[in-house]
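Here chain A shows up in two complexes: once beside chain B, once beside chain C.
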Partner chain A sequence: MLLDIAQTAVDGLMVGGLYATVAVGVTLVFGIMGILNFAHGQLVMLGAYVAFYSVTAGWGFWPGLALAALSMALFGLILERLIFRHTLTDHMAGLTVSLGIIMVVENLASAVFTPDPRTFDPPLAGSVQVAGMTLSAQRLLVLALVLLLVGTFYLFLQKTRFGKAIRAMGQNRTGAALVGVQITHVTAAVFAIGSAMAGAAGVLYGSLFAITPYMAAGPLMKGLILTVLGGLGSVPGAVAAGFLLGLAESFGARYLSASFRDGYGFILMIVTLMYFPTGLFGARGKARV
Partner chain B sequence: MSPAAVVVRILPLLGWLLLAGLIFVPVYGGSRYLIYIGTLIALQAALATSLNLIVGYAGQFAMSHAAFYGFGAYASAILVNSAGLSFWWSIPAAMLAAAAIAAIIGYPALRYTGGVYLALITFAFGELARLTAANWQDVTGGAMGMRVTYAPESLFGFSFANGRGMYWIAIGMLLISLAVVFLVQRSRFGRALIAVREDEVLASFLGIDVMRHKLVAYVISSALAAMVGTLYAPVMSFISPDLLSVQQTISLIGVVILGGAGTLAGPVVGTFVFLGIPEFLRIESLYRLIVLGVVIVLVVLLMPQGVVGLANRVLKRWQRTAPATPPTEAGA
Partner chain C sequence: MTASRSKNGLRAAAFVAAGFAMSAAASAETVKIGMVNSLTGPHASFDLPASEGILMAFDEINKKGGITVKGKNYTFTVLSEDAQSKPELAVSGAQKLLRDDDIKIVYGILTSGPGMPAATLFAKSDILYFGGFTLMDTLLGKPGFELAFRTLDADAVVSKSFVPTGVKELGIKKVGILLPNEDVSRAITAAYKPLLESSGVSVPIVEYFQPDTADFAPVLRKFQNMELDGLLTGTNDAVVEAIVRQSTELGNLPKKFLYRGGSGGPGIKYAKQIDGFAWQILTRDLDYPSDPKVKEWIERYKAFTKKDMSPNTYWALTFYDTVFMMANAMEQVGSVTDVKAIAEKVKSMRYDGVRTMRFDKDGRAQSDIDIGMLKDGKISSVRAPFE
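Here is the complex of A and B:
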């Protein structure tokens, strides 16, 4: 029984970490640019395809991961320069253009990549036995990578000069500009970093699940739930909420009903919003009306 | 009058002409194909019109419209097949259930925060609804979908069981959606809604209950989507979870923006441009969607004031130079 609970908890943490990688990008971009980028899921999808082609071409998983992150960062920069820069801090316009981008990217992807589901061999196969628990090796690797990615990113935000500039902009755009932060550059960098995270998350998704041009909605849905749950714009909140959601899903699927797996997070979010209208880690008293 | 203003003035007229054409197609014969396409266009136009209420008039992004559309289709099919209800009674039942769900989701989403929160939460709900339809094997038939064999019963001695009968129901639903939006637009509630869209803080200063107005608009819009959905099941005689996918909502939002958000005729025009013309030119839906995506991006970027009430802004600019005409909201 105890072993069962432990196993369920570890499974939940592994899935939750994956969700958190998607959510960190969404919440960061919203916090800094005031843009809710629904096309974030499309970057996840494209990242997964980059890894698929890289593995199929024989370059292997690790170069594929690097390539996916880099190419998505580049794609993010292009999107930022061409489109999102013009909708900065306008919630509704930013949201609308991201919907347009979804339609273009998704349908182009289904024309180019065909809608057939693809999979690639993960770098680690089989499972390992830890203290009586059976854990998939690839899932453990994903968890380790997620912790590394999110941890590095958090340290970057907290300790480096550039990270401090990003946080300053998150608090007050004009104030940051006044003390000499190059807000245009920082904005572009933030979008590129968020996109790179999406690309990396896509590779990790692709190593566990099938890749299709329409796969974006699933990761994005989880990412958005975490963003709301953790408080819009809060990176630590998104990570904490990610693990919380992973645990909720894992325990719900194990002990309540597996076919309703995706619903637990939604219920968690609705109930949380009833008591914490700005999310678990959101700023208090920011209600608009 | 500038050329842009001329176009804006003519567009609604074009919408009504198209609507009239749609209604008169089956009166003057019309092949089965034409009636089928007409039914689909009427359903889509009704859907876009009801979405316009929350997106265009209230200025809120509801990403759950296709979910409620699909919910209506599934709820009606299940009620008719399993509970033995008549098709006509399943319509109000599905609408009531959809309204209740919309209220439950909309309340926390709009209570203190509004704006992007509604978009986030309704997106998550839409995807959840699709997954539920795909996974709840016993009730919905799972990912493979559900076959629908019933047809609407006769009413007042008029048979609705064939393609033409269902065409009239679709037209009726379109007219109901248009009538609801028209009445809202003309009412105190509708004017308050537009005030909320333009400036929430200012609207609350005027004593408008911002949250309640947005919530009511969302509930009405979602219930109408469920109403349209109930007819989809017998028309297509097959429903699948794809019906609820967020892509459908996104393309609907695109249609509303294309035709002109916050105008009565806009969604009808948008549906014809997006669905009707490519259908007759036999353009594959893939390219249609890509073009629509590009159009959305361009409209937003070239109209920095925002997409909502785009046509109205052009009108207002024109009216400022010719102040004789009183400002009419949303050119009917």
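Here is the complex of A and C:
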């Protein structure tokens, strides 16, 4: 029984890490720009396709991961320069535009890639035995990569000058500008970084699950739940909430009902917000990155 | 889906264009046929090939000069609407077709979500409707649905040949059932579980998962350490591929699969990691054909669509033969508009086309199916007769 619980917990952490990677991008953009970018899920989907074509072309998983992150960073930058920059002062317009982008990207992807589900061979196959538990090797790799990705990004935010500029903007945009932070540059960089995270999440997602043009809704919905659950704009909150959601889904599906899987996340969010109205790491109504 | 990776939007446009092309080629006497299918969206993998089969059949009839009804010559023109895999758009597409008073016959839709509301609308409008979705079985035989036909065999029919064949070929003794939490799945369980048990197979666990699940690890853990040697699962390739793949990754799970609902793709892809995979080819095995009729049809399909075969192409045969049945019925009853007479005639026919099939009094198809089998790394298929 204990072994079963431990296996379920590790399963939850592994998939929760994926959710966290998506949520970090969403919360980062929200913290800086104040909009919930609904099109974030489309970047996850496109990142997964980049990896799919990279692997099927024979370039392999790792170049695919790098290519997906870079190409999505570029795509995010283009979106910011061409569209979101013009909606900075109108959050409702930003939100509406991001909904429009979903429709355009999703339908274009369906036309170009076809709706057929795609999968690609992950770098690791089969299972491994860890302390008596049978675990998927690729899922363990994904968990390690997520921890590396999120950990590196967190250190970047905390330790570098640019990271401090991002945090300053998250706390007070006008104040940051007054002390010399280049607002437009930081905004563009944040969009690029958040999009790169989405691209990387897409690759990791695609290494475990099927890729379709319509796959974005799931990661996006969970990313949004986690952004609220963790505290709007809080990167550590998004990560913690990601792992919590993974655990809730895993234990719920294993010991309660697998047919109610997505419901556990919402229950978790409702209960958390009852006791922590600003989310797990949200503080005094301020966005914290 | 194919090597050409054609764009679905363009395909949809091409289909409509094909309909107009047929129209242009026809003489003054044409019969308008409506078609609703999900040419885009997640259900397109079923409906797109199905729509190709419909267009192909009407094209073949037209190229042979059409049909002769009471000495008059008629050809067909097909007007297509894209349901986009959404119930509300299936209804608006159907409504659009119904605004054309000349349309009395409609084909299409293989998935229950868009299919149910569209079929209900057609029934209310006295349309002769040929559909394929599973939940259509719950409508057929009810008052108002006398003009509705389901062109694929019901689970109650398919399971009678599939279960004994699968159990025998794969040598299964203890099976778990894992299906999406949908009405269809309850019907599948109701049909298959007793048959498995009467074949000497115990079924200690039945689980339903959220339909859009991608991560099956938690629910698959429930099946671990139960000494199962088989898993009955469905209901589409994407889901089953994920289940097969994740089963092999998690370990201590069955390595023989009975698949209700799609192609052999999910099993064949992981042939080296699993011990057996049986799947229902509800029409014909197009990958390993031995039947000359099937071989000829494949060549005609390639020429018509300018596409290669894909794992989903066999859905193109869902409606193909029924188009000829309907056309023959028109000739026999001497009318292209008396849909009640046409429907009755179709129900009295036994048609030996690419599929051998007939319909019962409620409009349920009874046809022979192929059962695909992956065993000992080798792929084969078995023809299961319906009579």
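Heads up, the rule we're going with is that the second predicted complex is superposed on the first by the 283 of 289 C-alpha atoms of A that agree within 3 Å, B and C clash if a C-alpha of one lies under 4 Å from a C-alpha of the other, contacts with A are read in each partner's own complex, and residues count from 1 in each chain.
As a working rule, a contact is a pair of C-beta atoms (placed from the backbone, for glycine too) under 8 Å apart; a residue touches a chain by one contact, two chains touch by 3 or more.
Everything quoted here is computed from the prediction, not taken from an experiment.
Q: On the A-aligned overlay, A:M269 touches which partner chain: chain B = first, chain C = second, or both, or neither?
A: first
Q: Let me test your reading of the model: by the given contact rule, A:F156 touches which partner, first (chain B), second (chain C), both or neither?
A: In the superposition, A:F156 touches no partner, neither chain B nor chain C.
Q: Touch check for A:L95: first (chain B), second (chain C), both, or neither?
A: first
Q: Regarding the shared-chain residue A:E249, is it in contact with chain B (first), chain C (second), both, or neither?
A: The answer is second: A:E249 touches chain C but not chain B.
Q: Is A:S110 touching the first partner chain B, the second partner chain C, both, or neither of them?
A: Touch status of A:S110: both partners.
Q: With both complexes overlaid on chain A, does A:W62 touch chain B (first), chain C (second), both or neither?
A: neither
Q: Let me test your reading of the model: by the given contact rule, A:T134 touches which partner, first (chain B), second (chain C), both or neither?
A: The second partner, chain C, only.
Q: Tell me which partner A:L224 touches in the superposition: chain B (first), chain C (second), both or neither.
A: Once the two structures are laid over each other on A, A:L224 reaches chain B alone.
Q: Using the touch definition from the top, say if A:L232 reaches chain B (first), chain C (second), both or neither.
A: A:L232 contacts chain B only, not chain C.
Q: Counting contacts the way the document defines them, which residues of chain A are shared by the two interfaces, the one with chain B and the one with chain C?
A: 107, 110-111, 214, 218, 259-262
Q: Which of the residues in chain A come into contact with chain B in the complex?
A: On the chain A side, the touching residues are 30, 36, 38, 83, 86-87, 90-93, 95-97, 99-104, 106-108, 110-111, 214, 217-218, 220-221, 224-225, 227-228, 232, 259-263, 265-266, 269-270, 273-274, 277-278, 287-289.
Q: Residues of chain B touching chain A in their complex?
A: Checking each residue of chain B against chain A gives 59, 61, 104-105, 108-109, 111-117, 119-121, 123-125, 127-128, 130-132, 135-137, 200-201, 204, 210-211, 245-247, 250-251, 253-254, 257, 286-287, 289-290, 292-297, 300-301, 304, 306-308.
Q: Help me check something: in the complex, which residues belonging to chain A touch chain C?
A: Residues in contact with chain C: 4, 7-8, 11-12, 14-15, 107, 110-117, 119, 125-127, 134-139, 208-210, 212, 214-215, 218, 249-254, 258-262.
Q: Contact residues on chain C for chain A in the complex?
A: 1, 5-10, 40-45, 85, 181, 207-210, 212-215, 217-219, 221-222, 224, 237-238, 241-242, 245-246, 248-252, 269, 273, 312
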